[in-house]
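These notes open a run of structures that come right after.
One chain, chain A, appears in both complexes that follow, with chain B as partner in the first and chain C in the second.
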Partner chain A sequence: MSTDLKDALFGYTLRLGDTSLVLGHRLSEWCGHAPELEEDIALTNVALDLVGHARMLLTYAGELEGKGRDEDRLAYRRDVFDYRNHLLVEQPNRDFGHTIVRQFLHDVWAVELYERLCASRDETLAGIAAKAVKEVRYHVRHSGDWLIRLGDGTDVSHARVADALGRLWPYTGEMFERDEAEQALVAAGIVPDPAELKAAWTARVEAVLEEATLDRPADGWMQKGGRRGEHSEHLGYLLAEMQFLPRAYPDANW
Partner chain B sequence: MYTQGLDAKAEQGAQPSPRLVTEQEAALQGRFQERVDAEEKIEPRDWMPEGYRRTLVRQISQHAHSEIVGMLPEGNWITRAPTLRRKVALLAKVQDEGGHGLYLYSAAETLGVSRDELVGQLLSGKAKYSSIFNYPTPTWADIGAIGWLVDGAAIMNQVPLCRCSYGPYARAMVRICREESFHQRQGYELMLALAQGTPEQKRMAQDALNRWWWPSLMMFGPSDDQSAHSAQNMAWKIKRFSNDELRQRFVDATVPQAEFLGLTIPDPELRFNAGTGHYEFGAIDWTEFNEILKGNGPCNRERIEARRKVWDDGAWVREAATAHAAKRKQRALKKAG
Partner chain C sequence: MPDAVGCWGPEPGADAVVRAAWDALAGVMDPEIPVLSIVDLGIVRAVSADTEGRLSVALTPTYSGCPATNVIVMEAETALARAGLDARVSVVIAPPWTTDWISDAGREKLAEVGIVPPPSSGKRSLTAPDEVIACPRCGSEDTRQISRFGSTACKALHACNACLEPFDVFKCH
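Up next, the complex of A and B:
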């Protein structure tokens, strides 16, 4: 693999790893606080899967980079502007409705992506995708079912998820952005074309929204920047909390 | 996790009702006791004395509540776990506690009470949960100390419950004990990493041991001479060993583990008695224990407030799920009709 392509793959893997980690972290905030015991267990399962994906992806990113950074070095010793996750996943939990909408919009993307990444010419990435795809298929069923329940539940629940959908929709455009580096990866058969992902994502999302009796928001101005390290105010607090111990005790092994 | 020795509060349930026992009831009770004595398991549809049922509902539901409330002090560190491996392990552990709560509520439901009713008793303050969870977890070492000591004490209490006379409880405990042993090893391994780490980490580990040692000993409940109602629970084979016996076993098992860690148990009177083969330890301060039971522990309010908030914040979600299920049912009926 050429150096340029390797760098591009490092950036790609890091973005994917950061997105999984930040979303896993957000979901882990629910542990012990979910609306039902069964749901507490289910959300924690999803959080566990996502942090698991992040570990594989960050480990691989560290290898591609070749500077000796392991999963923890990458997770715990980077500041906001070096994080590459989608803005969508760093948005706060707010209520269960927001959490489910955020999760669903992400999950559909993740299923479409990992299904295609299974065929990646990069064997390691294909291997990670093969493991992750089984889990994200379950995640999208879980978040989709909840979205339908809440959308087609009571007036209150409908209003809450409709509000969340409107609020979070502007963060979905970023998932399908493509820069030059990514274009090279697409050309090399290593990653799928985001345009193709977007069509598949839209179809799946619209089908569930219809069943949930929710209107699909219009594609207006989209918030972007996470992929380049330009984040909302929320990420700094998340990292401050997550990174507290390794930052406070830099020489410690845990 | 586990509820402390429950017999201190379980008396009311164990007392025979004041009304006269009919001949038929006496025969049923005799037959019941014979089955218990023969180590047969009592199942949900079997006849059982009302006191036995009440004692079990109270004990199993307190145990379930303890699992659920116990998710809070440990959950306090999920977002701050220092490595991704530790984060995953802690998340999985707290999730296990939730699973234990679920099996235990189910076991209690076999005795004719609903989960909602039991949760209502927790939220109203009527039902108790283990006082140990009213202590705070200010540092990361508390996660290690809880796994090592609190789960360690829980295992001592729970292993005998796997042979409890009530079938559904005994079977739930088999699974729970298996997971608790894993948690305990994990907690000890976490403590070991701290004890072998930097001086600051070692200080953190010692500090946590200082705070959790005595509360862990209190988890076994009052001393035998203060716990007059153990006898009925022993006869019913809900309880197999006395509080003091179990506490002694815990001390004997744990002191060498602390020595291996290079940590000091905060008890100047602790010494090994070569004659008995047991460790002797100082007097427990039951005043603190009683105050916490009364609601005056450092976190009693926070714990219950957190559970109430979960319940209140989740109401609209549960209502939506119910409403949606009803709509689906109606649509299916329409389609069929």
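Up next, the complex of A and C:
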């Protein structure tokens, strides 16, 4: 693999790892706070899977980078501007409906992405995708079912998820963005074409929204920047909590 | 992607050290479902020995975020060392683990402790109705799913409408 391609793959894997880690942490904030015990367990189970994906992805990113950074170093010793996650996943939990909408929009993307990444010419990435796809398929059944139940539920639940959908839709454009370096990865058969991904995502999202009696928001202005390290104010607070211990006690072991 | 087959023991004619390693690993229990050994669970993927008798053992996680993975690796290392074997344990993720790799003996052990073993993925089809889950206590087929997620990453929570008892189901994965 050429150096340029390797650098591009490092960036790609880091973005994917950061996105999994930040969403996993967000969901873990529901631990002990979910509206019912079953959901408390469900959301934290999903969180655990996502942190598991982040571990595999960040470990691989560290290997590609070749500077000796491992998963912990990448997770705990980078500040906001070095994080490359989608803005969607750093948005705060707000209410349960908002969390479910955020999760659903992400889950559909993750399923469509990992299904295609299983065929990546990069063996390690294909292996990670084959492991992750089984889990995200399970996640999307959970978030999709809830979205339908809430959207096609009471006036209050409908209004809440409709509001969340309007708030979060502008963050979905970023999931299909690609830069020049990633274009080279697409050409090399290492990562899927974002246009194809977007078509598949849109079709699946629209089908569920219809069943949930929710209107698909129009594609207006899209918030972007997370993939380049330009984040909303929310990420800093999340990292402050997530990184506290290793920052306060560097290299602590137990 | 084609699923590799499960493996639950040494190949016929394997070296004595390889057979000894499998024996030692069969004594390592899953910390979250302690009736199952890691061999029953199908997560021991390969055991091989080099010409000097040094062993390489490959384990695979069930779920990528399974918190028991690190513990299992440590316990496998301890069991192999106790058996006097020189072994290196590594974790591999491909091909991904599937519940089809749980051995028949493992399925029986799950059923004995009231955990419904996972349905075989090969038996599912897109058009078939959901598999009937019978209550492990009273045998009634009148049961319902309470939550897709249960006490560990690999289980879902169900309840019996006849005897009203809740129970765990090992998720098909």
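Everything that follows uses one rule, which is that the second predicted complex is superposed on the first by the 252 of 254 C-alpha atoms of A that agree within 3 Å, B and C clash if a C-alpha of one lies under 4 Å from a C-alpha of the other, contacts with A are read in each partner's own complex, and residues count from 1 in each chain.
The working rule: a residue touches a chain if its C-beta (ideal position, glycine included) is under 8 Å from a C-beta of that chain, and two chains touch if they have at least 3 such contacts.
Computed from a prediction, not measured in an experiment: that's the story for all the values here.
Taking chain B and chain C in turn and counting the residues of chain A each one touches, the greater count comes from B. Looking at the shared chain after the overlay, A:G52 reaches both chain B and chain C.
When the shared chain is aligned, chain B and chain C each come close enough to touch A:I41.
Once chain A of one complex is fitted onto chain A of the other, the partner contacts of A:E71 are limited to chain B, with no touch recorded for chain C.
Of the two partner chains, chain C is the only one touched by A:A132; chain B is not.
When the two complexes are overlaid on their common chain A, residue A:R160 makes contact with chain B while staying clear of chain C. In the superposition on chain A, contact is made by A:C118 with chain C only, not with chain B.
By the document's definition of touching, of the two partners only chain B reaches A:D251; chain C does not. Residue overlap on chain A between its contacts with chain B in one complex and with chain C in the other: 38-39, 41, 45, 47-48, 51-52, 55. Chain contact summary for the complex, chain B toward chain A: residues 68, 71-72, 75, 78-88, 91-92, 94-95, 98-99, 101-102, 105, 140, 193-194, 197-198, 200-201, 306, 309-310, 313-321, 323-324, 327.
Residues 1, 61, 63-67, 93-96, 98, 146-151, 153, 157, 171, 173 of chain C are the ones touching chain A in the complex. Residues of chain A that touch chain C in their complex: 24, 38-39, 41-42, 45-53, 55-56, 118, 123, 126-128, 130-132, 134-135, 138, 141-142. On the chain A side of its complex with chain B, the touching residues are 21, 25, 28-29, 31-41, 44-45, 47-48, 51-52, 54-55, 58, 71-72, 75-76, 95-97, 148-150, 152-154, 156-157, 160, 241-242, 244-246, 249, 251-254.
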